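Letters A, B, C, D and E mark the chains in the order given here, with residues in each chain numbered from 1 onward.
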């Protein structure tokens, strides 16, 4: 099959540029050097919805998100983007193709490129997806959404605090015009205030653009505030998938998975 | 050699990586003989960096400032092997082994490292292949006996961590630094690891331990005291129960509703 | 158990007579080795066309000395093993590495090359014969010729590789001029690193200090690539035109060939240059060579050709008998009409009295090989020079 | 005094050539953390290709000369792409010492292939007549025109590389890939292609260096090993990854060597190595070394 | 105390009956050489053997420095040449050849030790590799210029002398002599290989950070091992000088060292026999190919492609390949070996304990 089916433009054309998309992951397995870290992960996210993955350290949340992106370990299983018009199968796509198709990862350790200035990072990532011409516009739009980032454009990673870096990482994700945003521990390492900021940004985004989201979170409040449904992970396997509403009243089950 | 005597003292330790990132800022701590201290904290808090700085493993990767004393002697400028010979022994978050060697050779290496005098270099390695009773017990507890003559390249990540632990114990350290010894293990193996730690503590009353762990069960079982790190700083210090009750810790690490 | 006693394990009497050829066929010196091989092959071909020696054909077996590496020396042993008479050697290490085996097997051997004095003297074995010049014979021949051609040039600039060979050659030139009763003094001496690829710095230095050079001579104590690189560096300055005399040693024809007819006027001394020798033997040789290969023979081709000629002469003397003793005796006695003239062993020295050609040429794109010979002098080997015992060597440049 | 200036200028031009050889290595290291032992051999290959691209002209016209330089650079870029496809992308995962050995193998292979491809006789070509001359700078200092040209080319290349790496999208992608290749990929960057391009650029620089070098020397297969030693000296003194650092060190070292050959010719062969030894003792990571990841 | 069973891998590693094997090898090789001498083929394999020994020892020196402690060196020719020049400079002193061998080993070893001690304390093994290259080149320049070392033309007239009344001038006494020297070197190395020191060196190569954290002084180990490697190279240099009666600066170059690296890698750098076998194979192969285009002009191409393939596909070389082939032959053979050992074993509870776990 021609590789160009995975350029951003080709995917746009197929799915419809601003179409409502559904994102389906099924039977996803991830292993590192022969060691299985994730078994049979299955979930679906619809337009305007968010799924939260919860579980203890090492339960496989990060592995799920990285498995979707095909980076890190070895991943097998099916990952598809579906609109009313068509289906794009990302199961065999390369990492950059997944990214260009509109599935964007905001990784847990932020991973901003240390030698580049923030403005250049945003620009670069936007260019890869929307092309050179539209990139500037896209970055402006992102800065409008996350205005806190604007003053840091000419700084480098080393000159930002952890929380600031987290905001930038999210901005970078947005610059890539995601259809599905994969957020890995967005609240990690943030002070409560910063966490509130991030939450607001993400919630606004969800409301305003209807972007689908997958969030890996250990912080239950954050997860519940954001997600519509929750997947509980225990040592590499999904235990249950439930409506978030269930837990807003009674958290015992979710805590049994996440906490001590 | 009374309990309570300080064996390890860290004061005002800073770790700044070459990239400019400051992973540890102004950490001071003191470890008493026979004390078992847990270090917990979110991902990227600087736990591993702290332990690596104590062992001197960061020489070429980061600048480390601050004072470090083992048994009252300053070692801040000593190379890692000197510190090891003064009683430090560590394991790594991702097991560090010698890929072409058998498990038995790992144990023999540790034994050679432990010995003093020129004679240890000249003896045939084979003569190091006998296990003392204590070592045999550790090996049996860890279930390593059946793989003793296998090369470690054939073992899984979990087994590698066990091998590394066994080898580190063979070197008979006075201060044992364990970096997530149960990460990536099933509950049964984690149980075994705890048992090994308990056995060793019983056998060697002068042993002190620093344990980095995300698994709270292990922390509660092993540690007498816990410190919590966040963004390179110590934010709480006390018994595990005190720490768990600390609201900041709950907020940053355990989550708001961690069971008490 | 002496190895020398039973050296006749070669071929039986009916098969062809084998001449072992041992030379650099790979590596940096492969070009020289290949040329020597072509000369040798031609000689063998001509001899066979003539009916061989005593009805037996000659066969050339080639072995690579691999620049004197250990496995190259193994090849030397092989070469000895399957030949009746051995010729070869150009690179110091390879020759010297093989010398021992050569001495022990007692096989008749002809060295066609090996110019540095020390090497030649270490190669001395009773069963081995050296037929071409050393640095010493070539250098002093150049010196003599220079004195005759330029009696008024007493001051020389020297451009010299910073190693013993470079020093040796200049010192022999100095001795040669002195021997003709001349006077020599060195003005500038510029040394170049033998391994350096880029020597423009040194050339510009020479140019900057040359001053009015119209009464001075310039001697290039360099070889091959170093000479070419010098000429290229000197080109923008027009440096070689400023001197009254410019001379160099070694196989300048190869250098000139690679310069494609642009080389400047230059005196050169070496064992041979086809265009500078006027003998009927040479004319025949050049013709045969040109028929066989594309261009005229180089000095190395001449060496290969002559070495095989010597071997054939010895074989004819013994009537095709390949017994080592007889052949060695014959090699000491025969007289050979080489392209450069008649040559024979100097009594008791295992060394032939091969002459040295000193000639003046200029690049000419229309000439064959891009080189036009303006003048040539054949300096006969001096019988009082003993290559095997080079004069005491100096680390100092004379003059 | 004038011989002093002459020495400085010829030192500068020698340094410029050295830089063309070293810059590719620095670039490739900066992107892939690969030390390319074969860089010298690639310069040599470039010189041979240049010679072939002249199609037998010994003294080309200026357009022919420029064309051949361009052909060589392009051919070496293609060669770089081929190497990347066959070998280099596999090296990225290895430790630095096996990488060094593998590229050493490459050095041997190229050195061995050259006589097979181009014959065993030494080859040679010349500069176009019109630039093969000297110019007189004020106060009677006479220097070859080509020396000046080389200095200008090196300066232009340095400026070009600095611009390319610091001010263009390609440069940013290169940095992103070398900082965190997985994350760059997850940001939509085709890190494999960027790597290939960067390696091709490194090879093209080797080709350019070889082409500009070729008319000055006699070509034989021993050229590569000679260059690699000098390049390593530069790398050890300058450290890895800094283009400007490499340039400065190339120029300073070459001037130093020129000075020695002027005032103390006997010691000149040892200059490079002595400087290298000093650098190791004083500044183990090199004077301009970018952070050296272990 | 319990003593677990260790499977024997004698072809990759010297086992306990090493001495017996060594002596056997010498006797067989000696007999062979004596035999071919008696039948009169005095330029056959016997002389090939004589010529291979110095090169093979040199390849072994490469193995010791890279395979045994992780230091790649492109300048080992320097220490080889120090040995060779020791013999060359002492050529008029009428010393016993054996004492020259010892002296050459000491010179090479000491120089290597000093070099490594100066460099390694300050830099990584990567810089070390580059520096060895420059070091070799430095000496090359120096040797070529200085008349003490004969310049590029070398020094000739190095005597072979005589040992225990046996004149070494003839080929087969010299071959036996080389064999004995090589065997002694191998025995010393065997002691190193099976000792704690040898294993610690390998550990330093495999994971130096871990080794340091265990309390092993990696730098000291590498420096010492490099000294050992230099000594082996020095001895090889002396042997070559004596055999050829000649030595020159040519051996300082990258070419010579490079071929030895390739040989060591083909055989397997971290095995005991690997470099020797690799060199022998290469020398014989080149010998066979000589005369063909590939064997002469393109030999470097063969070597280079060989190195690349080995680095990528078989970093442990031929010996490593054999070893894993043996392992993959299945457990059956191992088990049988265990049973045999159990019969031999005087220790009552050893084998039973294995595999039984807690």
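We adopt the following convention: a contact is a pair of C-beta atoms (placed from the backbone, for glycine too) under 8 Å apart; a residue touches a chain by one contact, two chains touch by 3 or more.
Nothing here was measured: the structure is a model prediction, and the numbers come from that model.
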Any chain in contact with chain A as well as chain C: D
Count of contact steps on the shortest path from chain B to chain E: 1
Pair with more cross-chain C-beta pairs in contact, given D-E and A-D: D-E
Chain at maximum distance from chain B, centres defined as averaged CA atoms: C
Between chain E and chain C, distance of the C-alpha-averaged centres to the nearest whole Å: 38
Between chain C and chain B, distance of the C-alpha-averaged centres to the nearest whole Å: 72
Computed distance of Cα centres, chain D from chain B, in Å: 47
Cα-centroid distance, chain C relative to chain D, in whole angstrom: 37
Multi-chain contact residues (two or more partners), chain E: 124, 137, 141, 145, 255, 297, 299
Contacts with two or more other chains, residues of chain B listed in rising order: 19, 60
Multi-partner residues of chain C (at least 2 other chains): 26-27, 30, 162, 193, 195
Residues on chain A engaged by chain B in the complex (per definition of touch): 32-35, 56-58, 108-109, 114, 157-158, 162, 185, 188-189, 192, 218-221, 235, 251, 255, 258-260
In the complex with chain A, residue positions of chain D that touch it: 169, 172-173, 175-176, 178-180, 182-191
Residues of chain A defined as touching chain D within the complex: 8, 69, 71-72, 94-96, 98-100, 105, 107, 111, 113-116, 120-121, 123-125, 127-129, 132, 172, 176
Of chain B, residues touching chain E in the complex: 55-57, 60, 79-81, 84-85, 89-90, 92, 96-102, 104-105, 108-110, 112-114, 120-126, 128-133, 136, 140-141, 143, 145-146, 148-149, 167-168, 171
Residues of chain C that touch chain D when the two form their complex: 26-28, 30-31, 34, 162, 190-191, 193, 195-198, 200-202, 204-205, 207-209, 224-225, 228-229, 232-233, 235-237, 254-255, 258-262
